[in-house]
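By letter and in written order, the chains are A, B, C and D; residue numbering begins at 1 in each of them.
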Amino acid sequence: MVCRYGDDLKMMVEQVKQYTSEGKVADYIPALSVADPSKVAVAIYDGNDTCFSEGNFNEKFTLQSISKVLTLALALMDHGEKYVFSKVGMEPTGDPFNSISKLETQIPSKPLNPMINAGALAVSSLIKGSSNEEKLERLLQFVRDLSGNDQISYNKEVAQSEFETADLNRALSYFMKQHGVLTGDVDELLDFYTKQCAIEVNCEDLAKIGFALANQGKHPLQKNDIIPAEIARLVKTFMVTCGMYNASGEFAIRVGIPAKSGVSGGIVGAVPGNIGIGIYGPALDKKGNSVAGMRLLELLSSKYHLSIF
Amino acid sequence: MVCRYGDDLKMMVEQVKQYTSEGKVADYIPALSVADPSKVAVAIYDGNDTCFSEGNFNEKFTLQSISKVLTLALALMDHGEKYVFSKVGMEPTGDPFNSISKLETQIPSKPLNPMINAGALAVSSLIKGSSNEEKLERLLQFVRDLSGNDQISYNKEVAQSEFETADLNRALSYFMKQHGVLTGDVDELLDFYTKQCAIEVNCEDLAKIGFALANQGKHPLQKNDIIPAEIARLVKTFMVTCGMYNASGEFAIRVGIPAKSGVSGGIVGAVPGNIGIGIYGPALDKKGNSVAGMRLLELLSSKYHLSIF
Amino acid sequence: MVCRYGDDLKMMVEQVKQYTSEGKVADYIPALSVADPSKVAVAIYDGNDTCFSEGNFNEKFTLQSISKVLTLALALMDHGEKYVFSKVGMEPTGDPFNSISKLETQIPSKPLNPMINAGALAVSSLIKGSSNEEKLERLLQFVRDLSGNDQISYNKEVAQSEFETADLNRALSYFMKQHGVLTGDVDELLDFYTKQCAIEVNCEDLAKIGFALANQGKHPLQKNDIIPAEIARLVKTFMVTCGMYNASGEFAIRVGIPAKSGVSGGIVGAVPGNIGIGIYGPALDKKGNSVAGMRLLELLSSKYHLSIF
Amino acid sequence: MVCRYGDDLKMMVEQVKQYTSEGKVADYIPALSVADPSKVAVAIYDGNDTCFSEGNFNEKFTLQSISKVLTLALALMDHGEKYVFSKVGMEPTGDPFNSISKLETQIPSKPLNPMINAGALAVSSLIKGSSNEEKLERLLQFVRDLSGNDQISYNKEVAQSEFETADLNRALSYFMKQHGVLTGDVDELLDFYTKQCAIEVNCEDLAKIGFALANQGKHPLQKNDIIPAEIARLVKTFMVTCGMYNASGEFAIRVGIPAKSGVSGGIVGAVPGNIGIGIYGPALDKKGNSVAGMRLLELLSSKYHLSIF
């Protein structure tokens, strides 16, 4: 198995490392701005015992927007498609992930999809639980099940840092509350949302999460489905149409792997049927995607014919 | 003096009363929705002892957006033109008063003018005072000086009702905070802003406030200027270019009096040099202006040649 | 083979026929408004001799927006990826297909993708040929090769009708010309564009075109590739991310087949690897897609597991 | 009389000349780009025999957007208020003069006011005449009457140059045609519009035109009204709320004179009741107004208390 990816992965990581200098780490979230932009890591998991990993694969980072696919899956499991999509749309958008204009110009002012911030906030507000502690514990358990890693928790410092600087997300939330898309206390929602974004993983965890999504929601070492197959499929569709911010269209063409990125530099990939990919590379391009990560996925897709198209 | 306006005013009020059925009271602020839509009142003050008043002139109502001209004057007195207009623009906009889109599409995301909500919030954040109590007391004293009415205060119930339903203004505020237009605590700002909107007057108070603005900031019965002449002039300019929401252009053509309306149905008018006008009529048109009040001002302007154009 | 789809198709067409009354034919193009809204047809082609067809499969209709995928393929063959995507973007948009706002608010004002009108106009301007006659002849030959139908031509009456009412497309074109995205004469471009939209097919032709796209650009009865495999793949990616107007996201979830619709009521589907689908049903939903056609594709996708996700 | 302005004017022109280096001439219209940016001229006309003029007052320049106030007056005389304002709105806008977005986002897609390009195009389409020659002759005669200068004509070279590069105005026109705001042939409208913009004057002509607007539409040396008083008033209102592109609000505050500028560097001012002002200074600021002209008007307004506020 090592022979399958081993040397290739090593070479690919070397090859994309040079591009890290073209990007820069997210600086609008104080706790993210201290990341080392030269780091690159990749892990591939195909359901057997171990991941194939290269680079700084032990490096921990926070999920950030990657958490949007997980809360979407959980909200769909909690409430079903019909209810969830009465609160958030299914359409990609050419606008930036944090844009507010469409909420005003579209009637009704439902967020266009669950992968932009407005939509992810609406989705997070749907997670069942009698308190934020309970909601977060449910989400953490979900992530632990998907990754098979019981140690997964969230980074309190990052969560706190984001909570304090989340004014744009507050603006989005209050706007949606005004229009009935959200109900409930906004600061409580923000507390949950920033903690969800601060869940900490390494790229092997991500690869396993990607595998479960790829494998119809099933984990090879567990008996039960973690995500119903239909929901896993639906989530992957969003990863294709709007998983890479407003570079999703180009990514679909160049790479063609259902994937979701976060501004921490992480990317999860779910190649339908058999392969999960976890990436880390905190140097970001202008649209918020890992510079080296995008290149790496392009190499992998091309080498192993992973595109779904 | 009675002969000057007396019979005319009475007749005009009768004439415009019929239009009240074409409008409806603001219903998005619970405390405003209970107003009687058939009410109409007018007061004219020309600097002598008494106002000429007709209709329900004892009826009290809250300033709402009319307060925007008063906080603008006070902020200009507190900080000077240069600083204030580094936080808020001077340009009219074709967008609704509560729109958020321009904050996103314009760079820098400075509100276009102090008469739309975003701009008024930015202006209110500038009022000097070590606490909201002190700021509010300063503003109330300012309104009492302008109106010569020591009894003026704010309506706690209306303020509370608006505070609880001010999600759109919260969205605007957090958006501006994200972009550095606002600093400080948003809920504290909203607390002050909703109290400022809830300051309670009758139309004779408004007529006297209008007179002071018209009379270069001077009150006839007081020795000192209340507003420096230059600031009074500047404020009246905004009343012309953007005082009547996004019907300001048409109002300038049809009426031509510097005026500011509020969703409570009040309108203050300041005919340069000698006349202040106070109007009340809670039945609003679609743009948020008093239906009967607009008609009444058109009649007054036409009859007494009050247009500045 | 008949047994494979025969009875199913018949039943499915019956089943979706009832939904035709929920839609209405495009009325903003005079020549389209005369279509019979109750018509429904489907054809499936898997590379063998004949199509499996049901309903009004002999009915001819014009390609309209379906032509966008064909001119995109041809422009890519004429100029290569790099040049084409210097003129048009790769990102889906939540805006309607005929929207102009993004051209103004995005800098540079490049159309977001080749499936919206602005982008399709930019792509059509790239088709090689010394005259419109030559360009059109090249495009027609391309469509004839893809469908294996030498009789394919365009409907002069429809082209003329669209040319006369194409003021919105003229507005888009002149806007792009102002911003250097387009060069050349706009009316000449419109002449070509409206003729391209008026190319006339039946659903069996569409099924064969879909098959070629699905089959890496190859036609089973022809030796040579008609479209290079890489371009066929690229085109299908756009069909997934933005092929069904601003219902593409929902369609990807519900159906998951690379597809492109037109306001004539046609839809072409390309199931990767082996199946081409042609649909006709002129009763449209509010977003411009065939009401019955959407339902039919959902049934097909569900029954035969055709989703790529 | 010379004593009234003479030395002041000379000094003021000297004073503002230094600012010309901060601006630059319009370069998007080839024929305008050759103007000498260091030129400054002013003329003041108060109804007596001669203008008080300083600087390059014999320099001829084209009206450009200044023509918008003249076609508005003529269209109102041709059709009356009600009809004209069914085609164009009365509200100022914060958008640039050549913006198209609002036509899409506002329903109905009526241009916001007659001072932005879309609105001016709609207004020009209303000028009565059986041919463009007749329309233009009527407009030229109107300008000759207003300025008392029989020699006024249009600059063919400038008109031709603008016609060839008017793609944005074509886009606006076709967009409005699609939405029924405009009817008729767009190129014919553009032919008239670019000729209207190319009408050539010097700043003394402008001062006299400004005087007529200021003087209720009357010319002192002519018996008849040229513009009905009510229409002159209405036009001046637009000059205040939207005469200086999207710097109109600031101009109202700083200067307070009804005025209209053009990208040629001309500005006409109409001080209600008695003074007309003509300005020329082709070095423009970023919003399209004459840098030196704006300063000069500020000095004049301040020195002679010309503000209407």
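In the analysis below, contacts are C-beta pairs under 8 Å (C-beta built on N, C-alpha and C of every residue); 3 or more make two chains touch, one makes a residue touch a chain.
The structure displayed is predicted, hence computed values, not measured ones.
In this assembly, the chain whose C-alpha centre lies farthest from chain A is D. Chain B and chain D, compared by their mean Cα positions, are separated by 33 Å. Mean C-alpha positions place chain B and chain C at a centre distance of 55 Å. One finds 48 Å separating the Cα centroids of chain A and chain B. Residues of chain A in contact with two or more other chains: 105. Chain contact topology: the protein chains form a single closed ring, every chain touching exactly two others. Interfaces, counted as pairs of touching chains, are A-B, A-C, B-D, C-D. Partner chain C is touched in their complex by these residues of chain A: 89-95, 102, 106, 112-113, 233-234, 236-238, 240-242, 246-250, 252-253, 256, 258, 272, 307-309. Chain contact summary for the complex, chain A toward chain B: residues 99-101, 103-105, 167-168, 170-175, 177-178, 186.
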